[in-house]
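Down below are the structures I want you to see.
Paired with chain B in one complex and with chain C in the other, chain A is shared by the two complexes that follow.
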Partner chain A sequence: MMAPKIPGIGLAKGLWLTLKTLFQRPPTINYPREKETPVPRARGVIALDIEACTVCMLCARECPDWCIYIEGHKEMQPPSKPGGRPRSRATLDRFDIDYALCMYCGICVEVCPFDALFWSPEYEYSEGSISSMLHDKERLAEWLKTVPAPPALEAK
Partner chain B sequence: MSGLLENFWVLLALKVAIIAAVVPAVSLVFIFAELKISAHMQSRIGPYFAGGRWGWAQPLADGLKFIQKEDLVPDDADRPVFKFAPMVVLMSTLAVFVIVPFSPKLVVRDLDLGVFYALAAGSFGTIGVLMAGWSSANKYSLIGGLRAGAQLIAYELPLVLAVVGVVIQAGTMSFNGIVAAQAAPVFTIGEFAIHLPYLFQGQVIGFVIFIIAMLAELNRTPFDMPIAESELVMGYLTEYSGLRFTMFFLAEYAGMFSMSAIAATLFLGGWYLPGLSSGALEVLGPVILMAKVSLLVFVIIWFRWTFPRLREDQLQSIAWRWLIPLALLNIVGTAIAKVVL
Partner chain C sequence: MIDNRLAAIHASDVSVSVELETPEMTLNLGPQHPSTHGVLRLVAKVDGEMITSVEPVIGYMHRGYEKLAEVRTYPQITALVNRIDWVSGFANEIPFMVAVERLMGIEAPPRAQYIRLILTEMARISSHLVFLSSYPLELGAATPLMHALRERERVLDLIEGVTGGRFHPNFNRIGGVKPAAGGGSGQKKVLQDLPAGFLADTRKAMDEVDDVCDDMVNLVLGNEIFVKRTRGVGIIPKDRGMEFGVSGPNLRASGVKFDLRKSDAYLPYANFEFDIPTGANGDCLDRYWVRMEEIRQATRIVRQAIDGLPGGDLQAKVPRIIKVPAGEVYVRAENPKGEMGYHVVSEGGRGPYRLKIRSASFSNISVLPWLLVGQLVPDIIAVLGSLDFVLGDVDR
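And then the complex of A and B:
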């Protein structure tokens, strides 16, 4: 059996809720004046470690939006010991991410076999023109400074 | 100077000027209060930047913006009626202030038929709303205007009947007379006299009915069917822009002020506060009345941001099946108490 309902109790409950909310602090953050602290591992922008990249193109192929553009060439390295065979090494010419297309899925970061891509929590890189959303490899390498240190390994 | 003030026309012009300055100014304050209170009730901040602190200049900025807007009249509109309607609405709310006593002396004209005049002048605004709805040549305006007319049938009778109880108890229809009647001690314990406003002298039902009918008269939620943004765009205001829209907007908040002032005078004791000498009341009267009015205006705003809108037929059902019988019972009870006690 239901508890007996007092008529109009719903109206009083509603009034109580709005009155309670009136005296609570709104959760609003006045963005340009106050900055929001991003959560740990926030997906703000993707940073590139140029030295670690081997131009394997896995990220560009896996990218659902096709927003990563990679060009490279091979350079011959001197042999490691005298009389040896000269080695070839892939060098990065172009690595662009078009943030106007990027949907921040993070597949490129996941798929990179040499840990050349990282998430950075920086989010303030909006532009007045859509063409300026294309970050070249120098700009992507700049973001590397903002990448937080990886969490400590679990103790054995 | 005093000779000049005794001249009827000079005094009249002065009173009109004061009312015309004070009422819109207070309305702006209420508009700002609504902006802020509604925001915080919804966990928002509301206006924040206009004018520096708290965004206090937001209603002023809104008003300036409205004044700059083009005064549009639809092609098919009934031009004279369309242009005249906002003035009728604004005048009907301003006219109520003729009888509102702000202190024993500070009243434009203390009519013997004050209560009657206030209700008559206050309900006159519905004609302006009907004019606006009819002349706009817009289906939303027309439905809104007719809803306002239908609403009048529901709330006007309980509004009048709720006041009758107070009139019986006070034995006068003059507003200052009603305040004076509430200032008289109800009973005394030795030297100590107990003063009570009519709300605490058994007019609780009358007060509740008056507040409900008042919300319907002001077209405020939960009875804002004539405006009903979600179904009628803006109701009878749909085709208005610029200064004429501002007049309607100002009339809504001036109406809140005037109806709250009437309610505060009839049920909460008006400018009277127990424990103050008559000399102090002369000075503090307006402050006391404004405090009571602000309380009622807060309640009106509070209701608006809490309750959903009723249907037109639900209002009719509430008014005719509950409010009118209750108001009649209240009159009978008050009359019996008046005779017996």
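And then the complex of A and C:
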């Protein structure tokens, strides 16, 4: 490989690079004051659309570390037209995601057949205690307004 | 063999007078030491400054992935396997996916294979950039870290833009890459193809990566102190390296021209033109140089793949519930750290009966007890760092 010919040339070249970089803008971001905008596909937090969920339990079953807890019950709805049969509808009682266990794989979002789960790139929800990492369905529904539109695709 | 070398070492210093002889001392390194890339413990017996024996103690980071995989379905295991070697998460998924696809007798469409290849090479670049920057840091130079990690972040941002994850992409699916964000109904079935601007940004990033390699030549390879610390230190001879199962850049630094990308067709590498850089001496300096050249080759592959990116589907036809026919297969791939292989044994169910993971770092550090004997104590760090292992890859 390369053997330095002139003694000290390696040091001089290194210092020259340092000097060049000295006048460039730093690529780092001063985090708490400035914020980075994550990419739209970033897997930050899972948002829940309570109305769309039908308590089918697919997400809880497919989760690799079983961190989704779902409970629900059937509710009778009045018939859609007079004289009709009353409909039963599944209603969500509990939908918790334990973010202390979640490994952000996104399988739940993928398997959901009714578009009830979405990825949001929000990341600022760290907590002081591990039990507060359990987000209930109201908190998950709040994330829904942070879900961005999907990015445009590269032309084929 | 070790005894022979020890005998030679002891025979060589017959001139040392009895008063100067030091009593044998046990030196403990780790498990929490920055140069061990995780939690590796080394128990070294030293005679003065000379190491007479080394015993690596591993297992501090054993997470039991082989056992976890037995109680999970194939799509769930995808999320596990990219956590094995977290510095190059995407590259870990490939051999497992190819193994399952071979068992099922399907093949990913060309566009999916090209996307896999591009992201694998980008994972290789980011993994090697970590090595290029952290190895001088372990030898006492802090500046290269800042330069290389800046470009690594650029590459990771691009990976995140496509897959949604910087470290754990989880983007491969059996039969292709992630085709859509959601399941059944049409409204959320958004294609997860490459986002707009990815190809142009990647081209630019590859130029920047090549530039930072040139900077590294000036900063590190041209630095007299670095060369003095690494040249002739920790030499792995060709045959010895092969006996210990060393693979990847560590073996190529010893002069063995062996690269699974050329010999095993797990991704369409045959369509691209690239060289296999090999070192001459197998010392720490060669291992550094080989990885730097591999980055340049990887940028070459990525540029060619972007130019020749075919259109078409992202996913082959696979059933909704994936059941793999009974049988077994072993697929190995050239990971940034070396040869990574998965031996999948299926009994026809939704999950594997047994999954054996052959990880590169485990075999690479098995050479340590032989390699470190006869070295000086300060060279432990130089040798450890140059092997570029990750403890998650060692312990699984």
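Keep in mind that, in the parts below, the second predicted complex is superposed on the first by the 127 of 156 C-alpha atoms of A that agree within 3 Å, B and C clash if a C-alpha of one lies under 4 Å from a C-alpha of the other, contacts with A are read in each partner's own complex, and residues count from 1 in each chain.
In the analysis below, contacts are C-beta pairs under 8 Å (C-beta built on N, C-alpha and C of every residue); 3 or more make two chains touch, one makes a residue touch a chain.
Treat the numbers as computed from the prediction; the structure is a model and nothing was measured.
K.L.:
Mind working out whether A:Ile130 is in touch with chain B, chain C, both or neither, as first, second, both or neither?
P.N.:
Neither chain B nor chain C is touched by A:Ile130.
K.L.:
On chain A, which partner touches more residues: chain B or chain C?
P.N.:
Greater contact footprint in residues on chain A: C.
K.L.:
According to the stated criteria, A:Asn30 is in contact with first (chain B), second (chain C), both, or neither; which is it?
P.N.:
first
K.L.:
Could you say whether A:Thr21 touches chain B, chain C, both of them, or neither, answering first, second, both or neither?
P.N.:
So A:Thr21 meets both chain B and chain C here.
K.L.:
Regarding the shared-chain residue A:Pro151, is it in contact with chain B (first), chain C (second), both, or neither?
P.N.:
In the superposed model, A:Pro151 contacts chain C only, not chain B.
K.L.:
Contact-wise, after the overlay, does A:Met57 reach chain B, chain C, both or neither (first, second, both, neither)?
P.N.:
Neither partner.
K.L.:
Looking at the overlay, what does A:Asp115 touch: chain B (first), chain C (second), both, or neither?
P.N.:
Once the two structures are laid over each other on A, A:Asp115 reaches chain C alone.
K.L.:
Mind working out whether A:Leu11 is in touch with chain B, chain C, both or neither, as first, second, both or neither?
P.N.:
Once the two structures are laid over each other on A, A:Leu11 reaches both partners.
K.L.:
Could you tell me if A:Cys105 is touching chain B, chain C, both of them or neither one (first, second, both, neither)?
P.N.:
Only chain C; A:Cys105 stays clear of chain B.
K.L.:
Between chain B (first) and chain C (second), which does A:Ala90 come into contact with in this model arrangement: first, second, both, or neither?
P.N.:
Neither: A:Ala90 stays clear of chain B and chain C.
K.L.:
Check chain A for residues that touch chain B in one structure and chain C in the other, and list them.
P.N.:
Touching chain B and chain C on chain A: residues 11, 14, 17-18, 21, 27.
K.L.:
Mind pulling up the chain C residues that touch chain A in the complex?
P.N.:
72-73, 75-80, 83, 143, 147, 150, 153, 157, 160-165, 168, 170, 178, 180-185, 187-188, 190-199, 215, 217-219, 221-224, 226-227, 285-286, 289, 311
K.L.:
Can you name the residues of chain A that touch chain C in the complex?
P.N.:
That would be residues 1-4, 7-11, 13-14, 16-18, 21, 27, 38-43, 62, 64, 103-107, 109-115, 118-119, 150-156 of chain A.
K.L.:
Name, in rising order, each residue of chain A that touches chain B in their complex.
P.N.:
11, 14-15, 17-19, 21-24, 26-28, 30
K.L.:
Applying the document's contact rule, which stretches of chain B touch chain A when the two form their complex?
P.N.:
37, 39-45, 48, 302-303, 305-307
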